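Common to both upcoming complexes is subunit A, partnered first by subunit B, then by subunit C.
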Partner chain A sequence: MGILPQLILESLLLGTFYAFMSLGFSLMWGVLNIINLAYGTYIILGAYTAYTLYTGLGVDPLLSIPFSFLLGLSFGVLLQRVLIDRVMRLEPFMVLILTFGLDVFLSNLLNLIFRADIRSIDVPYAERSFVIGPVIVTEVKVLVFFLSLLLTGAVYVLLQKTWTGRSIRAVALDREGAQIVGISPGKVFAVTSGLGTGIAFSSGNLYGVLQGFTPFDGGMLTVKAFLVSIVGGLGRVESALAGGLFLGFLEVFTAFYLGEGWKFFASLLVMFLFLLIRPRGLLGGKYYGEV
Partner chain B sequence: MEEMSLLKVERVSKSFGGNRVLKEVSFTLEKGEILGIVGPNGSGKTTLLNVLTGIVRQDSGSVLFMGRRIDRLKPHQRARMGMGRTFQITRLFSNLTVLENVIIPMHYGGGGADERKAEEILKMVGLFELKDRKAGNLSLAQRKRLELARAISVEPKVLLLDEVFAGLNPVSVREILELLKKIHSETGVAMVLVEHVLKALFQITKRVIVLSEGRIIYEGDPEGMAKSEEVVKAYLGERYEAPRGQRS
Partner chain C sequence: MWLIFALLISLAFSQEVLKLGAAVSFTGKYAKEGELLRRGYELWKETVNRRGGIKIGDKRYKVEIIYYDDQSDPKTTAKLVEKLITQDGVRFILGPYGSAQVFAAAGIVEKHKALMVQGGGASSKIYKQGYKYIFGVFNTAPDYGKNLIDLAVSLKPKPKTVAIIYEKDIFSEDAARGALERAKEKGLKVVLFESYPKGAQDLSSLMIKIRAKNPDIVIGAGHFRDSVLVVKQLKQFKINPKFVGLTVGPPVPAFVKALGKDAEYIFGPVQWSKAFNYKDPLFGDTKGYVEAYRKKYGEDPEYHSAGGTAAALALQIALERAGTLDVEKVRKELLKMKVETFYGVIGFDETGKIVTKPMAVVQIQNGRPVTVYPFKEAEPVYPKPPWE
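Right, the complex of A and B next:
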C-alpha cells in the first residue's frame, strides 16, 4: 500500500476543486463559443476579494463565497453586455485579443493595488488535519473538496432543472434553433457570462485558502481550465468533473514521482495529446457545434 | 375594411456579396391557407424562409405579419408573435429529451410550460411513448415529427416548413402528409411549405409559387404549373429539338 492511498486521496480532493474552478470556462466556451483568456485572472480577482474581506473585516473566506459569486456575476454580465457582445459576432480571433488585453489590464490593476508579493489567506484552521488510517489530510483541503462538490452540484441542478439552465443548454446546442423557439440569445449570453464569471470568482475564495497567490497567477490557471475543458469536453458539468479529476491525478502523481517541476509540463503534454487524438474530450460529448 | 392578410411580403430583395438571391419577391398568405413554394436548387427558397423568420435581414422590401412590419424584429421576437418553423436538416436540441424539446418553446413563447399539453401534442404526432428519450436518438422521420410538435406547441399563426418530406421514404412521406392535414384541420394554422417532393405537396396545397433564380415565375394552382412554359424552362432548360434530317 504505502503512499498510494495518500496520493489517490490528494488527487481526488484537488481534482474536484479543479472541476469546479474550470466549470465557468467550460460553460463560456461551450455556450458562447469563446475562449476567455482572462478567466484565470477572474479566479485571482476572487482570491483577492476574499483576501480583502478577510484581512479588512475578518470575514472567513469560505463564508464570503456568495459575495464573490455575486460580484463575479455582475462583473460578467456587465463585461458581456458592454464589451464581449460587440466583438463576439466578428471573428473569433478578436475575442482572444480582447480577453488577452483584459487579462493584462486586470492583473496589472491588481498589481497596482496589492503589489506583487505573494499573499495568502491564513485562516485559523489552516494547520489542522485529519488522520484517517494510513492517510493524513488537512482540514482546509477537505472543506474545499466538499464546497467544490456542493457548488458543482448546484450548477448541475441549475443547468438541468431550471428554465435558465434549459435555455443555456438550448443555445449551446443550436443558437438558431433556440431563436426559432423564442429564446433570446443575447440574454442567455449575458446570463452564461455572469454565471461563468461568478464561478471563477467564487473558486478564487477556495484557491486563496489552498495556496498563496500573486496578481500574475491567472495565466497558469487559465491553462489549467483550458486543459480540464479539452480533456473532459465542453459545456457540461459531467465533463468538467471528468477533466478536473484527470488533472488532479495527473498533477499529484507527476509531482510525486517525477518532481514538482514536471507537473506543468506533463499537463501541457497531455493537452496536446488529447487535441491530437481525442479532441472531443474524455466523455466524447457531442455538445456544441454539432446538430 | 378589407381584412388584412396574415403575411404580406412586398418586393423583398436580398444579395449575398454580388449574388442576388431574391429579386423583388412579393406574395401574400391568408389566414389558414396552405401555400407551396417550389423551385430548383439555389432558387432562393430557403433564403426566403430565413428572411421571413428574421435569421437573414433583407436588403430592401418589407415583411408584414398580421398587419405589422416585422423587419426590425429579431428571430426570437417573431417566434413569440406566432411564427413556427422547421428546418431542412432538423435542428432539435439533441441532448434534451423529446418532452423538453416541446416544453421549451411553450415556456419562451409566453404561453407557459404545460406538461399535460405538451404530452397531448406528442400523442398527436405519435411520439408520446418516446417522451423521455434524448432527441438525438430519434430516427429522421421521428425527428421531423418532433420538429413539427415543437413548432405547433406554441399555437403559431403560421408554420414555415422547410422541406419536411426531404429524405423520407414513401411511407414516412404519407405519414407526415397525414399529420400535416390533421394539424391543419385541428388548429387551422396557415402553412408555407418549401418543397422538392411535388407529389406530396400537391396533395395538400391549392396554391403554389415557383421561384427561379430569386424571382417568382409562377403563381397559381398546381395544375397550371406544369403547363407554364417558364416553369418547364426553369426546371428542364430550353426546349431543344434536333433539326430534321440530322437524327441518327
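Right, the complex of A and C next:
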C-alpha cells in the first residue's frame, strides 16, 4: 500500500487528460486517414490562446475553452479547405510533409510573438490541494480530469447520436458507400478536421493550467497523441480513453520507480512494442465507423 | 583644488600606460550583466588611476581598458579577444560575462600565452581543460550546493535528512553533487538524490517521492524557472521541509515577483553580497567599496560588478608583486596569492579557480533577499513555517 493509491490517482487524472487531448488526432487519423504532425502545436496554440485571454482580459482558462474550441474549429476547417484537401488525394506522404511544415511554421510563429520563455497560466487556484487519508489531491488536476471526461463524453455523444456524427462514421467506414447515400465526403472532411483541431485547441487550455509551456513543446505532444492512438487503437472514443489511461499509468509509474528521465524513453519503447506485437492497439477496430 | 593638485601629481608620475582589454556584452541577452561587469572594471580603473596608477617595479602605470562588445555571443568573444591580443597588443585580459563566453575567451588566451583574470563565469568546465593562464574569482557550481548544506547544518535544531533534486544539465548536476558530497561529510541522511530532464514542467512524481520521505531539507538545483516550479509544487503537494534551498533564483528580484509570499524564507547562494566584511587594500574594506560604488553609480553593487572589480584587483596585486609585465612572473604571483579584499580572501588553486572564498547565502525575508550566512544582515528564519 503506502504510495500506491497516490500513484494510481495521479495516473487516472493524467491519463484522462491524455485521452481527451489525443482524441482529435485519433479522429483525424481514423476518418481522414491522415497523420497530422502539427497536432501537438495545435494544442500549444490553444494554450497560448488561453494564456493571452487570461493575462490580457483576465478570462479564466477553463471558461475560455468554448472560445478556444471555436477558434480551433474555424482554423481546422479553413486549413482543410485551403491546404489539406489539395494534397490529401495525392500520396499520403505529401500530407506528412505538409503538416510537418505547418508544425515548423506555427511553432516559429509562436516563438516570434511570445518569445521562447516558458509561460504558465497562473490561476489563483493552481496551488490548492486537499488530503484524503494517505493521498494528496491537487484541485487543478481534478478539475482538468472532470472537464476532460465531460468533453470526451460530448464527443462520444456527437459521434453516436447526431447526423453529423453518423456521417463522419459513415465516411470513415466507407467513403464511396457514404457518397452513394448522399453524404459529401468533402464536407465531412472539413467538419472532422474542424472538430479535431477544436479538440486540440481546447485541450491546450487544460494543458496550460496543468503545466508551463513553450512554443516548441508541440512535437512532444504529437508523439504522445500518436502513442495514445497506437496503443488504444483507432477504433472509437473508448480506444482513445484506453490509450490515454495506459499512457498516464506508464508515465506516472516509470517516473516514480525509474526516474523522470526514463518517462519519455519508456513511452517510446512501449509504442514500438505495440507496433510490433499488436499494431491494432488494445481496442483496435479499424476506423471510427466500425461497429 | 586638492583634487586638481592630486591629479597633477598623479599625471606627473604616470607617464606609462598599461593597456588592459575586455570583450564584454553590451548588447544581446547578457547586456545587463555585461554592463554591470564593465561598471566593476571602471570603478577599479578610476580608483587605481586616482591613486596614481599601478606601481610595477619602479614605474607607475596609468590603466586603460579597451572594451569590445561581444554581443553575448561566445564566438564573437573569441574573435574579439584574439583581436585584443594580436592587434591591440594587450597581454592582460579582463574576462567577459557568462560561462560560455569565458570558456571561449580562455582557449584564445591560452593559445597566445596571455593572461586572463575573470569574474564572469562560474562553470567548473573552465578549470578542467588544464589551462595555465586563466584565473577566476567566481566560486564554481559545486560550491552553490555546499554552502546551502553548510548553512543548514549550522542551524538548530539540526536537520537530519535531505532530499536533493536537480535538472539534468552540467551546472545543476555539479551543484547538486556539491550538496550531496557535503551532506554526506556532515552526516546527513540523503533520502533522495534524483534528476529531472531539462525543461521539465511537471515534477509531480518527484514531489510524491519527497512527500513520502518527508525530509528536513530540500535542495533544488536548476534554472530560474525550475526554482519557481519547485516552490509551487512543494506548496501544491503540501510538503513542508524545515529548510528549502535553491541554487538559482532567490537572490533575483524576479523570484519574489513570481512567487509573492511563497518565496518567503527560501534560501539561495550568492557569489558575493554587500554584507561581506573584509579589509581591502584599495577601498579600505567592503563598506568602502560599496560606498565608492554607490557614489559613482547611485545604486548598491551586486555580485556581477563586485566580481569584475575583484578580478581586476587580483590582477593588479599580482602585477605589483611581480614588479614586471612578464606574463609568467605575474602568473606565479597569482598562484601564490592569498590576499584579503573587499570581495573575500582571494587565492587560487593550480587550475586557476578561487578556493579561499565562501559564497554567501541569502534568505527571502519580507519580500527581500537578506544575507544570513556567513555574514548576517539578519538572523536566518528556521525552521521554515508551513505554507499558507
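One rule holds for everything that comes next: the second predicted complex is superposed on the first by the 285 of 291 C-alpha atoms of A that agree within 3 Å, B and C clash if a C-alpha of one lies under 4 Å from a C-alpha of the other, contacts with A are read in each partner's own complex, and residues count from 1 in each chain.
One rule holds in what follows: a contact is a pair of C-beta atoms (placed from the backbone, for glycine too) under 8 Å apart; a residue touches a chain by one contact, two chains touch by 3 or more.
Treat the numbers as computed from the prediction; the structure is a model and nothing was measured.
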>> Per the contact definition in the header, classify A:Leu283: touching subunit B only (first), subunit C only (second), both, or neither.
In response: neither
>> Taking the superposition on A as described, I'd like to know which of subunit B and subunit C A:Gly182 touches: first, second, both or neither.
In response: first
> Which partner does A:Asp174 contact after superposing on A: first (subunit B), second (subunit C), both, neither?
Replying inline: first
>> Once chain A of both complexes is superposed, is A:Trp163 in touch with subunit B (first), subunit C (second), both, or neither?
In response: first
>> Per the contact definition in the header, classify A:Val231: touching subunit B only (first), subunit C only (second), both, or neither.
In response: neither
>> Let me test your reading of the model: by the given contact rule, A:Leu7 touches which partner, first (subunit B), second (subunit C), both or neither?
In response: second
> In the superposed arrangement, which partner chain does A:Ala126 touch: subunit B (first), subunit C (second), both, or neither?
Replying inline: second
> Just which bits of subunit A does subunit B share with subunit C as contact spots?
Replying inline: none
> Which part of subunit C faces subunit A closely enough to touch in the complex?
Replying inline: 168, 194-197, 199-206, 208-209, 211-212, 225, 229, 232, 235-238, 262
>> Looking at the complex, which residues from subunit A come into contact with subunit B?
In response: 163, 166-167, 169-170, 173-174, 176-185, 285-287, 290-291
>> Considering only the defined contacts, which subunit B positions touch subunit A in the complex?
In response: 53-55, 74-76, 79-80, 84-85, 87, 89-96, 100, 104-105, 107-110, 113, 136, 150, 154
> In the complex of these two chains, what residues of subunit A are touching subunit C?
Replying inline: 2-3, 6-7, 10, 118, 120, 126-129, 131, 136, 138, 210-214, 252, 255-256, 259-261, 263-264
